[in-house]
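Below is one structure, written out as structure tokens; the observations come after it.
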Amino acid sequence: MSKSQYVRANYQVNATPQLKMLSDDQCESILNGALEVLERTGAEIHSQEALDVFKKGGCWVDGNMVRFPSHIVEWAIRNAPSRIVISNQKGERTLFLEGQNVYYGPGPTNTYTIDPFTGERRRPRKADTVRAAKVIDALPNISYAMDCGTVMDVTPTLSDVHAFQAMLENTNKPIIHWGFGIDQYQDIIDMAAVVAGGLEALQQNPFILLYSESSPPLRHSVEAIDKAIFAAKNNIPIVYTPCTFAGGVAPATMAATLVIAVADSLVGLVAGQLVRKGSGFVMGGLISTMDMASTILSYGAAELSLLSAGLTAVARYMKIPMFSTGGCTDSKVIDTQMGLEAAFSILIAGLSGANLIHDCSYMEYGATSSLELMTMDDEIIGMVKRILQGVEVDDEHLALDVINKVGPGGHYLAEDHTMKHFWGFWAPTLINRLRYDGWKAEGSKPMAQRVKEKTQDIINNHKPEPKSESVLAEIQAIVDRAEAREANKR
Amino acid sequence: MSNYYEELTQSIISGQLDRVKSLTQQAIGAGNNPIDIINQGLIPGMSVVGARFKVGKMYVPEVLMSARAMDAGMQLVKPLILSEDIPSAGKIVIGTVKGDLHDIGKNLVSMMLESAGYTVINVGVDAGPEKFLQAVKEHQPGVIGMSALLTTTMLSMKDTIELLKEEGLRDKVKVIIGGAPISQDFADEIGADGFAPDAGSAADLCKKLLA
Amino acid sequence: MSNYYEELSQSIISGQLDRVKSLTQQAIGAGNNPIDIINQGLIPGMSVVGARFKVGKMYVPEVLMSARAMDAGMQLVKPLILSEDIPSAGKIVIGTVKGDLHDIGKNLVSMMLESAGYTVINVGVDAGPEKFLQAVKEHQPGVIGMSALLTTTMLSMKDTIELLKEEGLRDKVKVIIGGAPISQDFADEIGADGFAPDAGSAADLCKKLLA
Amino acid sequence: MPVKSNYAENASPMFRILSPRQCEEILLAAQEVLERTGVTVYDEEARDTLKKAGCWVDDILVRIPSAVVDRALRSVPKRVTLCNSRTGSRDVRLEGYNAYFGTGSDTPFTIDPYTGKRQRSTKQSVSNACKVIDALENLDFVMSLGIVQDVPLLISDRHQFEAQVLNTGKPIVTTAHDIYGFADIIEMCEIIAGGEEELRRNPFMTLYAEPISPLQHAWEAASKLILAAKKGLPVVYTPCVMAGGTVPATMAGVLTQGLAESLSGLVINQSTREGSPFIMGGVFTIMDMATTIFSYGSPEFNLLMSCLADLAHYLKIPMFGTAGCSDSNLVDEQAGIEGALSIAMTALSGPNLNHDVGYIEYGSTSSLEFLTINNDVIGMARRLVRGIQVNDETLALDLIHKIGPGGHFLCEDHTMKHFKTETYYPNLIDRQRYESWVETGSKTLFERANEKVKDIIENYEPDPLPKDIQQKIRGIVERSEQKIAK
């Protein structure tokens, strides 16, 4: 009887690779640490509205210091949705932020960008976000858009609004976007509602995630916390991401750095849940170490991967979707360091099972964005996705009959089995496997050159699916409205 | 009357063995000239395959599926032609040198050459100078190809060339070499006629040398 | 008689707070001139620390441990000297600009300046032009330093400079700026006297401006 | 302070690709291949040994009943220790999930760090490589990082070993052309160790041998397995297989046949002498079907390496892994990517003796710059694998409370105490601010690595061997030269 005609009993398989940075007990310890910090030390809240929300919700408010009884935080954790589905701009449900689904994307708000045509490092312009959106739209492994740099050739306080317009016009992928304040958030939601076909449609099928960043340790500015409240009020999911670095705004030990990051995230979560029970919340995460020689917040350190995987484990333990970091580097040029740091962090973030992994465009410890890095990351993500698929072990894949047929000294190249399965090999596009002589014959190009050519080709030739004239006009009207408002403020 | 050539070519390219067989049968039945079936139906298909492989549009297993399909077509046509009329790009003797059991590279080259229309005589692994000499005498190939994976065994390539010289056969046959430790420098050093870095370029090299 | 200076310097470098305290106490007890203790014992230690940090041989926490040790020594010596005789490299007012709660960069610069011998007046975060103005009036510093992490808040730096001009104080004080979105171009654009990319170079910059 | 009960901790990240049952399934499949399909063995002594052990021998085809494999699996030691040839210190303990890193040996070419040119490896290039390996803190063992080709090739293995052992004290994984070369190298090692028994008790060398896929044991390989067993010295036996070429295109098929090749080598080794130290290998990868190369950088290569580590741990056999290598023809971004992925995966999976750090061009060329860069990557990976400790000291709740909202931790004793051990500080990876980086010459990682390599070659001196021992080794090399001259 052929072996495949019986079933295996008690056959437990790892359908994918299994990486567990922290045990459940360790996750609980870190969560308990965060609960203790919130109950004992508390957080400094700079928004009157938030202070009122917390007070009404039963937190202990003293001036701008708020302490959080653990039961309230635990209540908030229980009420946060364990899954959030984000659509693309055509309303197709695309990002399933649940379980250990992994999606990669670029990062926001760099103060410089590298021009992919001239190689110049300069301030980002609106045209750069247009280019970025095109590249995002074209790359298969980049699943959502972020602005890839703070646009600086527009009204400074509307750089967020202009960047959002640039993205809407040049990609249909979901967008994670920041805003300076509540006014801008309103503009962004209004524009998104135009695309979605109304606010209600946007709320039911959001293609945007709002993004807010607090200032650790345990300090939440008006902008940061008010945005969390605004998002909850408007029923749009938010990514709340403290930017925590060991040794600087957290103790030098990894566990304590996680405690501060979790505590700061939970402050945002509690605010949102008190405003609207069940409002969509994605826990953040930019978490790394401060390089004690240069004082930068490192985007390439092993600790970035280590801490991000640790934080993801805690988020998973709480069943809250997680926004993590990868594909970034401290390098100032496109070089071997960029490649290795990006690869290291993309691999570990992927294995950790974080839902959204951002900053696949960050070089120079986040100061500068690079579309070329994003293009390179797209390739690395492809490799890592192959690794994440793991290995199938069954009769077809064990192939004992084929092995027996070929026998010692033969080869498998012309076997039907090979023809059927070699398609499973990941096919590189930028990674080059030409033999030395062939590579030389093609001009001895390093990967940087191939990446540059592909990036330029996308920018020159990729045509994103356009939106209708009327939608574009409505978006423009909202931008104009914002410009008028800001002019009045001055 | 359809001559089936275009369809044959397409079926070769897509590696459909059964389809090639039935189309060849039909073409024969329809009274086409067997040599035309080869030259206008089967070979053009393989030429496309070779070109596509070279630019990375086809992969090795696909090339081999096409080669297999082509071979099946040939087997049907061959009995209808005098053997000296069967189109062949040339004869090539190929083997892995003495002391070396590494087979895969040599086999790959061999299959690529066959699919490019060459008649390949494969002398196997662990082939010393005498074995190559004997094959040259017996088959009178245009080219012999030697493969080695080890820096120690690659030295035996030189011995083969020397033996061919001694026997006065060196100018009757082109010698090409390949394998991981081989380079153009080494080929020049031992007086080989050419070096092929990979299976695809081995076929090109033979074409050049036999032109 | 040992004057303890060499040992003091060494203890500052290795950041041993208790050892610096006891050595300073002993040096005082042995009748050394308090100003010499500072100039020949404490400050040379910190100079070495600053130099080592610059070339990557010491890390920030180590520098701060040294600074803390130095401060402990200073606290013991200070009561013995008239306050105007206490060596100071100069006074610096420092703060994070309006709308910005990011503290760490500014604090780091502040500690680096202190460890380089400057007297630092820290006006904290969310500091508007008026706050800086008031500090300038009150302390008459040689330099004010402004920090911003956000592209929106960095605009407020210009307002401070304008206000200083209006009040006729712009030429009485040097203005330096820093923070993630800041560059030399931006400093030139708003008419600041200097830009420091990191905490270590902020001290160097002040030294240059106050020379 | 409360005492915790029933508290499970991941002292390091837990990483597995195959479940134990999947490992068992692959082992059983490999045994089926050996019992049904068999292997060819080109060495007569090996065939006799196998026959005596209960295998079914039919000319050169040997089929191995499962019970024979089971017996070999029971007798093979689960740990092997390699020591430093100068100090005798037992630095490399091949057991459990310990992951050590070293170079590879078989690149015909190397990149000259002074000219940047790709050239054939020489005795000098191997000497330089060994110096660099000796100087790098994250490299634990040595393979020659080049085939010496400027000496008579038939005895180049003796020269190659001499170049290695003179320039590093780290354990050496050596290649030899055949058992005669191997015997000469063993003789050199015995002189250094101070005798045959001393070498066996404290080996600083292990031999590398490989079967030829699919399922063939050449004379050289099989006879080396036997000689190593007779001498009681560890041997690495490592099938190099490529999916779709010499093994099936499916990953499980690769693992099955590759394991069958390893296990048949193990049976030859253990049948010669039960309990002799054996290190199971495997460079398992795909044949790139566009270029036909044996890929050293593909995701499948990484995946298979981790799977094989799972299998080796399941079988409790020390394992020879592969990492820090690339298909790129130069040290560029691709090399960085492929090196980092393989090192991270390897460190997480924990195969024991991981070679080929510094290989570029799918294993045809070595680069000392790439090696030096990967020294940092290994440091990063080791930091990752040390994981996150969670306890009262590391949670630091009191400190967090003391600092409170908005403060900073730079000036704390706790920071001072922990920052260096909690954080890995690389050598060549650049984390300067942009302005400082421009000031120091805007150098790429490759340029910094090149400077470091040249600095080591020019200024680093490894511990020398005593002069008289050096002379004796020279004597053995010369003796072999005289032999081939005749």
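So that you can tell them apart, the chains are marked A, B, C and D in the order they are listed, and the count of residues begins at 1 in each.
Simple rule for what comes next: a residue touches a chain if its C-beta (ideal position, glycine included) is under 8 Å from a C-beta of that chain, and two chains touch if they have at least 3 such contacts.
All values derive from a computational prediction rather than experimental measurement.
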Graph distance between chain A and chain D, where chains that touch are linked: 1
Relative to chain C, chain with the most remote C-alpha centre: B
Interface ranked first by C-beta contact pairs: A-D
Computed distance of Cα centres, chain C from chain A, in Å: 38
Distance between the centres, which are taken as Cα means, of chain D and chain C, whole angstrom: 51
Gap in Å, rounded to a whole number, between the CA centres of chain D and chain B: 38
Between chain B and chain C, centroid-to-centroid distance (C-alpha), Å: 78
Residues of chain D whose C-beta touches two or more other chains: 212, 216, 244-246, 249, 287, 289-291, 364, 406-408, 410, 412, 415, 419, 433-434, 436
Chain A, residues touching no fewer than two other chains: 215, 219, 247-249, 252, 290, 292-295, 367, 409, 411, 413, 418, 422, 435-436, 438
Residues within chain B bordering two or more other chains: 59-61, 101, 103-104, 108, 198
In contact (per the touch rule at the top): chain pairs: A-B, A-C, A-D, B-D, C-D
Touch list for chain C against partner chain A, complex: 53, 56, 59-62, 101-105, 108, 151-152, 155, 180-181, 198-199
Touching residues (chain side chain A, partner chain C) in the complex: 46, 109, 111, 150, 152, 156-157, 159, 180, 215, 219, 221, 247-249, 252, 290, 292-295, 367
Residues of chain D defined as touching chain C within the complex: 406-408, 410-412, 415-416, 419-420, 433-436
Of all residues in chain A, those that touch chain B in their complex: 409, 411, 413-414, 418-419, 422, 435-438
In the complex with chain D, residue positions of chain C that touch it: 15, 59-62, 64-65, 67-68, 101, 103-104, 107-108, 111, 125, 197-198, 201
